[in-house]
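In what comes next, chain A is part of two complexes: it sits with chain B in the first one and with chain C in the second one.
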Partner chain A sequence: MDKFVLLQFYALVKREVLENRNLFVAAPAVLALLMLVAAIWVVSFLPDDRLVSFVEYLGVLFDGLSPTEMAPFFMVVAIPFLIVFYVCCLAYSLNALYQDRRDMSIYFWQSMPVSNLKTVLSKVFTLALVAPLFYIASIFVFYLFAMIGLIIFGVTNDVDVAGLGWMFLASVASLFLVYFSALSATLWLFPTLGWLLLFSAFARKTPLLWAVGAFILVGFLEGFVFGTQYLGNFIQSRTGNFNQYLIMSFGDVFDRLFNYDMLFGVFMGSILIAGAVLMRRFTD
Partner chain B sequence: MKNRILRNRYSLLLVTLTIYMAVMVVEGAATGRKAQVMDFENPFFDLNLNNIDGFIERNIEVEY
Partner chain C sequence: MSQVLDYVEAVHPRFERKKAEDFLLTTDIPSKKRVKELSKGMVTQLHLALVMAIDVQLLVLDEPTLGLDIIYRKGFYDRLLNDYYDRLLNDYYDGNRTIIISTHQVEEIEVLLSHLIFIDRGKIVLNEMMSDLADIYVEVLVDADKIEKAEALNPISTRRILGKTACTYESVPKGQLEALGDLHSPSVADLFVAKMKDIHHG
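Up next is the complex of A and B:
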């Protein structure tokens, strides 16, 4: 691939991250800080002997298990981060193609040698592949501080903390599960992402109302014209179970990313994203 | 044809949504798609929003 095209795409992704650093950087950092403060607050209520036995228990809890086998247990800690990530994704998708029309910076960006296709693809790429990295970095820092705290406590109270190193490796391994969970959830909800991007590019005002209103109207029209409810079924299949957004085992990654339902969803989302790319020519 | 579709934002939206729904209905009819929640395995905890009543009842039973 042409080096200039890669540099151009890198610049577009960097622009997305810088313009949305509140959603991608500040949100997980604040959440990690809050969780750390909450953990310290809870620990401050426990008596020392309880804490000593707790650290000893952690040291031998996963005895005999490899880090990849222990990793799923740490997904519980990552769930608040994933929920915040999904909420931020929704907010980002709704504003991604609306904000620059509102502040008129679209005229500047369209004067640059960058096509609408590249601009929209950079937003999807940022959401699916780049944004989860910042969440993972925040979770890693959270684990690091928690581990340092446990080790300091263990050393000062003469507790054997050798097992904690093994546990730390497991928590690092779990970061890969978090990343794949975020990636697979973004692809699983690709039709929703495409829908929001389409109305983000379409609406002159209140893209959320347009997106929700059009969904209800289209669902009604489908029932009225075809006598079916495939749209409702499609959405229900993708939102009913929270486990759909979590990958708990490394063995599941390939199956989750490459199955018929996932690929069909990506195809349907691509139709809407193609519409969003074309819609970007209307700048008013 | 292309000029008609790209004439204004409303015609483009209409065409995009029509294509989307046409593909959705054809695929749904071809595969007999029904509302089904994909059952992914998670041995660690279980929360199914389609069965939230059952989840709450189960928790109440455990409490008592």
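Up next is the complex of A and C:
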């Protein structure tokens, strides 16, 4: 591929990250900080002997397991991050093609030789593949501090901390599961994200109201005309079930990312995203 | 601010960063401020600085100085003109550079123009080279006793100025008009008003 095209796409992605650093960088960083503070707060109430036995217990809990086998246990810590990521995905999609129209900066962005297709693709790419990196970076920092704290505590209390190193490797391995879970969440939500992007490109005001209102209207018409609820059930299945995109084992990664339901959703979402590209071309 | 320059540098192959930085130095935009913190006028200045640093064959500026104070507006058009002639004198200029400026503030750009187009509700109502305007359109400050004769020549517009009557004519030989009073070329603003009156009121 042309080097200029790659550099241009890199600049578009960088712009997305910089303009949405609150969602992509600050949100997971603040969550990691809150969880760290909460962990310290809880630990401060525990008597030293309970804490010593807890650290010793951690050392033997995973005895005989490889880091990749231990990794799923660490997904428990990642769940709050994935929930925040999920909310950020929705908030981002709702604003992605609306914000620059609201503050009129769209005239500047569109005066650059960047097509609407490239702009929208850079947004979807950032959301699906780049944003999760900041989330796993925050989780990594959380693990790092937690591990340092445990090691300092273990060393000062004469506890064998050799097992903690192995555990740290497992926590790092779990970051790959987190990344694939975030990617899976984005792909699973693709129809919803496409719908939000469509109304983000369409609405002159309150895109949330338009997106929800149009969904209710279409659902009502479907029920009224055909007596069915396929749309409602489809969207519910895409948003309600967290287990659909939480990947707990490395062996599940391929099957979870490449199955019929997932690819059908990606196809439907892609149609809606193509609609958003056209909408951006013809609105304003 | 540097992030915007980085962005434009990356996405536009004909952007000259040094030039944009030089333009920005002539504005009152604080270099450390974030774009979101800038006033509307400053954002427009920033946009213009970026656009002026792009070497393109066709540059379309839609109301480029809207919301800016007169000092900056004058400075902007001076720089636009100088930049155009700088490129004209350079070897790499290929003779095909065009700048289209769409504006209601016609007085400010009159001296820059080589062509003039008036558009009324999507229809072109005037399309002339500036050098031909003086030959086609003439304004006459008609002496009081010659008003009837002046009106007989079908001016496209008539207006009162300081007790005299100014009539604007289109394609009427100057020889016929000289006897009516002082002749001069109408300003672009006067011509615009005259053409619009002619169209809307016959």
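Throughout what follows, the second predicted complex is superposed on the first by the 281 of 284 C-alpha atoms of A that agree within 3 Å, B and C clash if a C-alpha of one lies under 4 Å from a C-alpha of the other, contacts with A are read in each partner's own complex, and residues count from 1 in each chain.
As a convention for this text, a contact is a pair of C-beta atoms (placed from the backbone, for glycine too) under 8 Å apart; a residue touches a chain by one contact, two chains touch by 3 or more.
Please read these numbers as outputs of a predicted model, since none were measured by experiment.
Colleague: Does the chain A-based superposition show chain B and chain C clashing or fitting?
Modeller: fit
Colleague: Quick check for you: in the superposed arrangement, does A:7 touch first (chain B), second (chain C), both or neither?
Modeller: A:7: touches chain C, not chain B.
Colleague: Roughly what angle, nearest 10 degrees, sits at the C-alpha centre of chain A between those of chain B and chain C?
Modeller: 100
Colleague: Which of the two partners, first being chain B and second being chain C, lies in contact with A:160: first, second, both, or neither?
Modeller: neither
Colleague: One more residue to check, A:279. First (chain B), second (chain C), both or neither?
Modeller: Touch partner of A:279: chain B, not chain C.
Colleague: Comparing chain C with chain B, which touches more residues belonging to chain A?
Modeller: Partner with more touched residues of chain A: B.
Colleague: Should A:112 be classified as contacting the first partner (chain B), the second (chain C), both, or neither?
Modeller: The answer is second: A:112 touches chain C but not chain B.
Colleague: Figure out whether A:76 sits in contact with chain B (first) or chain C (second), or with both, or with neither.
Modeller: first
Colleague: After superposing the two complexes, find the smallest distance in angstrom between C-alpha atoms of chain B and C-alpha atoms of chain C.
Modeller: 17
Colleague: Can you list the residues of chain A that touch chain B in one structure and chain C in the other?
Modeller: none
Colleague: Contact residues on chain A for chain C in the complex?
Modeller: Chain A residues touching chain C: 4, 7-8, 10-12, 14-15, 18, 105, 108, 111-114.
Colleague: Enumerate the contact residues on chain C facing chain A in the complex.
Modeller: By the definition above, chain C touches chain A via 3, 6-8, 10-13, 43, 47, 50-51.
Colleague: Report the residues of chain A in contact with chain B in the complex, numbered from low to high.
Modeller: 72-73, 75-76, 198, 202, 214, 218, 221-222, 226, 228, 230-234, 236-237, 239-244, 246, 248-249, 252, 256, 261, 264, 267-268, 271-272, 274-275, 278-279, 281-282
Colleague: Considering only the defined contacts, which chain B positions touch chain A in the complex?
Modeller: 6, 8-9, 12-13, 15-17, 19-21, 23-25, 27-29, 33-50
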